[in-house]
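Notes follow the structure.
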Amino acid sequence: MQLQLQTWQEVEAYLQTSRGIILPIGSTEQHGPSGLIGTDAICAEVIAQGVGEAADALVAPTIAVGMAQHHLGFAGSMTLRPSTLIAVLKDMVDSLVRHGFERFYFINGHGGNIATVTAAFSEIYTARSLETASNAAPIKCRLKNWWQSQEVHDIAKELYGDAEGSHATPSEVAVTQFAYPDAIKSAVLDPPVAPRGDFADAADYRCKFPDGRIGSNPALATPEAGRRLCEAAVAAIAKDYRNWVAV
Amino acid sequence: MQLQLQTWQEVEAYLQTSRGIILPIGSTEQHGPSGLIGTDAICAEVIAQGVGEAADALVAPTIAVGMAQHHLGFAGSMTLRPSTLIAVLKDMVDSLVRHGFERFYFINGHGGNIATVTAAFSEIYTARSLETASNAAPIKCRLKNWWQSQEVHDIAKELYGDAEGSHATPSEVAVTQFAYPDAIKSAVLDPPVAPRGDFADAADYRCKFPDGRIGSNPALATPEAGRRLCEAAVAAIAKDYRNWVAV
Amino acid sequence: MQLQLQTWQEVEAYLQTSRGIILPIGSTEQHGPSGLIGTDAICAEVIAQGVGEAADALVAPTIAVGMAQHHLGFAGSMTLRPSTLIAVLKDMVDSLVRHGFERFYFINGHGGNIATVTAAFSEIYTARSLETASNAAPIKCRLKNWWQSQEVHDIAKELYGDAEGSHATPSEVAVTQFAYPDAIKSAVLDPPVAPRGDFADAADYRCKFPDGRIGSNPALATPEAGRRLCEAAVAAIAKDYRNWVAV
Amino acid sequence: MQLQLQTWQEVEAYLQTSRGIILPIGSTEQHGPSGLIGTDAICAEVIAQGVGEAADALVAPTIAVGMAQHHLGFAGSMTLRPSTLIAVLKDMVDSLVRHGFERFYFINGHGGNIATVTAAFSEIYTARSLETASNAAPIKCRLKNWWQSQEVHDIAKELYGDAEGSHATPSEVAVTQFAYPDAIKSAVLDPPVAPRGDFADAADYRCKFPDGRIGSNPALATPEAGRRLCEAAVAAIAKDYRNWVAV
Amino acid sequence: MQLQLQTWQEVEAYLQTSRGIILPIGSTEQHGPSGLIGTDAICAEVIAQGVGEAADALVAPTIAVGMAQHHLGFAGSMTLRPSTLIAVLKDMVDSLVRHGFERFYFINGHGGNIATVTAAFSEIYTARSLETASNAAPIKCRLKNWWQSQEVHDIAKELYGDAEGSHATPSEVAVTQFAYPDAIKSAVLDPPVAPRGDFADAADYRCKFPDGRIGSNPALATPEAGRRLCEAAVAAIAKDYRNWVAV
Amino acid sequence: MQLQLQTWQEVEAYLQTSRGIILPIGSTEQHGPSGLIGTDAICAEVIAQGVGEAADALVAPTIAVGMAQHHLGFAGSMTLRPSTLIAVLKDMVDSLVRHGFERFYFINGHGGNIATVTAAFSEIYTARSLETASNAAPIKCRLKNWWQSQEVHDIAKELYGDAEGSHATPSEVAVTQFAYPDAIKSAVLDPPVAPRGDFADAADYRCKFPDGRIGSNPALATPEAGRRLCEAAVAAIAKDYRNWVAV
């Protein structure tokens, strides 16, 4: 159930049965020579919609631009400052709290968002924690990375082993191939498996990872693998959501 | 050309031919008993993608949550504070400037965004205007509402006359019906044409417009009208974009 | 009634009879070779004081520095960033709400303020709209440009036709000549009627409008015309204020 | 020389001879039963204009609303948050630096502004101090309270002794009587000399100083004393300004 | 080498040999009935000073108040909002960059800081990543939790097994007992091993963990264990620091 | 009583007897060729702990980094922007208010903090003053510079006369020598007594005061003088605290 495709009266009815909502968050950033700039947003959106259907949960519109400062050395990458993204998430949650939502389940497509989204949760909680005696209903936020389940991990391990890497991974590229088969790109990847390492700002990143990939060989991606990964992620996350929202 | 479906190398190539980019911005807010919460984001996105194709222009991901504080009395509506939205737009433009983009053409689906987006442009320009001697390339931003052309105005007038109203209009509902035919909703609209007037905060809005509509009769919307409106909007805006980006 | 010339006990008495207040807002920016830098603040102030007398309304001190980033290429121009101006307006309104004021009528002298002031209204409203059940008295803000009435428009049309232009207009210069007859400046205006067009940042503005004017011939201004314009504006706005504050 | 009454070309010419500018800053707050709400802004403005004439210096428009949170218990008082006022002062100085101004001399009418204005100077300097090797021209800011000279102090002492007090003083009321003889108010002051003490927030202030005055007997004020105080202040400050701007 | 005990000339000399600095960051928050409120700051400080000596590195003053909103239900706990802590860390790093420091190694004593500190690094990097061609020296930040090494983990496992828990752990209490033997507290812990689980805001935390501990039995702590843990942490982190700063 | 060495239950017990807390605030900045960078933080901390013992008052952890933008020309100096420091102080006070603290007594070691800390108090109060009818307990903040008592002033005068100066004073250096006898530094001071004057940003400061001192001869400092100054300061401030907190 996409929030965008409901009327306000349908949302009002939904709130009679559930106080939970799913919020996909991705990023708009380079994913190597063959990966799409929207990879992280696409993965989060596709899997969130699957989870929404599987768990009868409302899905908010995707936050497509996340925290991706380290990718700014590559054309097309966009970032919000962490302080901006914190403000965005606070406003979004504050808006939904107004209507009675109490459980905010973020499905995330980008490792670079984790720290800032987690900090945003604390910013949101702080406003409540500073009040001595609030009669506001308690709220809870949860961040779930789409690749963060045993089932997805096992598939990626089976299919790609060490060539999964950590950026522009064959797994995430596969999910986008499954979602947008008309936008599959090919490119010469040299070396086939990209170097590994850590990084600081955009210049440092580009210097160490000249084509944008980290430790991965996305040439291994296939739409079929994307389908498997998607289904596994949806099943695992839908289960996690149902358990969490029920508490 | 959706930015999300490009690789960074394709964006690099695009920048050899154009310094312009289209950014759709909508809202997530109630649109009356039969209108979708995502109406404004859907209209902006659909028309921006049409313009992107017609004008060979890159289209950034849609900003789905805008400034909609006055709709918070209706379930599902979300807002960014104006100060937050200004920060978001500044970060997005700053990111793209980093790569060499110089013309930022926002296609807008929500009247409530106009003031804040325009203020954001000034915030972006101010950083440059305060520098005495900058060697930065000049940048320009433009806001175009999708309904803001003679052609679209004429169709709406012909089809709906005064029942077009100003919120949850049959025109915008028609565009969403064309875009999402499976999500067409029906509802008893009483009175058929909603009251008119101005408003302040969310409580004031809900008090004056109990079902969320202003001056409109969205029951008149049809997918076919949506198609006509879309095509007219795309043609008019693509022309405007091409002229503007060429200067 | 200027707020600045009242005692707090007089304001307390005023609040027994009215919850409205008028807030003039102008700008400090170049107005061409013969226009005063304070033109917009002077126009807003003079007309606001007239309205205050005509409508028995309290008039707050003039906000003299507005959003004028595009004029920074000309000596003496000052700007607040939009985000700063939003904070200023929020603090001012919040202060007055503390005392029981509920209607905030801004008389504006500068087109460049419109978007930011309107965004500030939304910022102010958002704080209230995000609260589920507030027992705060409802507040309303209204922005009225001093030139925004049929009567004023007709006089400007009659006197100046197309030479009214849009910046450093003979109308606004006339009002300042009426208000400050000792500060009337003359300058060679070449061409007599300035070019028209749009603009982005300060460098862009200065490049397109080398002497600061847009589309205007302020040499046509006279103090007598200023008097007529002032009187027409005061009458029209006082009527609008009285109607608005009564609702 | 009021900035507001100059053209941009006159300012450009002024900058050939001086890099200094005077900025009056006051407050909009209760001044007891007989003092004007605009007292601090009026004093700062009148004296700044005198100094401007005496020292051939440009005078910016008055900042009429300052930091006056402690007066919010009395109708008509307005405040900017310290963080807002810091942003305002930074934007104003940044704007003027753009044109080549380098010396910013604030003439202050309100003790409650001192800390925040001084903090704002540090905020402005910090942006420069954090740069390792800046080629920006050095700038300097100075805060001068209008009552802060031996000459003014002596007159106040002679005329009022201990009844000068520290808020709604006969000195400042006298200056406003001199400036606005038509707005002289009278009120029963009971006790004639108000209590003294410190204060925290608005509730605390109102509790300790029920009519708004601190330690003063403004009934002693006369327009003639206002004239003397004004002249003494103008002379002393003009001298200080000339010395300071010359370094 | 504590920065606080150096002269500026000694720091200047240090910069000839190293561009790295260690910054301890802790928290001020309840640590159960027998743990000190300063536990996290004490651990970070003691170990950072040890690392400073072992690695000949400068150690900045300890950031004693961190992000601890979830502990605000217990007296004495203090928090910075995430957005405030981000601003603090940015200012501190910006200050040190001014002098030529390039490697910022944060030794952390509080799990609740991790997300916000990591987001702060991104905020710092973003300012650089948004510049197209910066000639600023590259900087790098690293966060190291004091308990984050195999050696420390092994000792805690050996000594406490599952009773280590995750808040008010015997390990961290032991370190404070070693550091402040005069401040060892005892308390009845009931149950001996505290419950486990996750948490949201302060009310939620207090409800689930009534005495403040999570999963731990701090009664097992001894000063001697604290010594062992300290030494192990210092050795492991000093090695990590030396390797990292050398790159 | 250091807050850091208490348990939360001890703080809860303390609040039964007192609503006051002492917060030391210093700075991290150069203090001339022989003064420690931590001088201001050390002085504030040592004296605050003495006052805490003398007055049975809780002492919060020291804020070690203050507002020191003017010292950034000397290696090792760190600053918070005034706006950042205001946010920090607000968060700290807000946290403690949550537990029932009502009196916040800041013992300050750095003249450069005074304006910003005072502005922060106003920022904290403003949040309360803007509320019409708050039922929050009243809070009060007080700033006391450690050198701000007749007793301390007399000792400094007796020992150093005019060579006390205003930065890197023999008094403050003496206090650090008493506190950290192992960190006493010596340096050739040329001239023995440093020049005097005012300053703006860091470049201006360094230009006027090449070795960092202002008007002082810190070579006169001795640990024994530090002991006397400390004891005098503790006695005077403890008395002031007890009086203030009792009201």
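Should a chain be cited, it is by its letter among A, B, C, D, E and F, assigned in written order, with residues numbered from 1 in that chain.
Note that in this section a residue touches a chain if its C-beta (ideal position, glycine included) is under 8 Å from a C-beta of that chain, and two chains touch if they have at least 3 such contacts.
Nothing here was measured: the structure is a model prediction, and the numbers come from that model.
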**chain D and chain C - chains in contact with each** = B, F
**Complete:** Outermost chain relative to chain A, judged by CA means, is D
**Asked** Of all the other chains, whose mean CA position lies farthest from chain C?
**Response** E
**Request:** Mind checking the centre-to-centre distance between chain A and chain F? Centres are C-alpha means, answer in whole Å.
**Result:** 46
**Message:** Nearest whole angstrom, what separates the Cα centre of chain D from the Cα centre of chain F?
**Reply:** 29
**Message:** Could you work out how far the Cα centre of chain B sits from that of chain F, in whole Å?
**Reply:** 53
**Item:** Shared interface positions of chain B, touching two or more other chains
**Value:** 72, 79, 81, 83, 87, 95, 98, 129-130
**Prompt:** Line, ring, star, complete or other: which one describes how these chains touch?
**Reply:** other
**Asked** What chain-chain pairs meet the touch criterion?
**Response** A-B, A-C, A-E, A-F, B-C, B-D, B-E, C-D, C-F, D-E, D-F, E-F
**Message:** For a test of understanding, state which residues of chain C touch chain A in their complex under the given definition.
**Reply:** 129-132
**Message:** Can you tell me which positions in chain E touch chain F when the two form their complex?
**Reply:** 2-12, 15, 28, 30-38, 41-42, 60-62, 64-65, 72, 74-81, 83-84, 87-88, 91-92, 95-96, 98-100, 180, 183, 185, 187, 212
**Request:** Within their complex, state which residues of chain B touch chain E.
**Result:** 94-95, 98
**Item:** Touching residues (chain side chain B, partner chain C) in the complex
**Value:** 67, 69-70, 72-73, 79, 81-83, 86-87, 112, 114-116, 118-123, 125-126, 128-130, 134, 138-141, 200-204
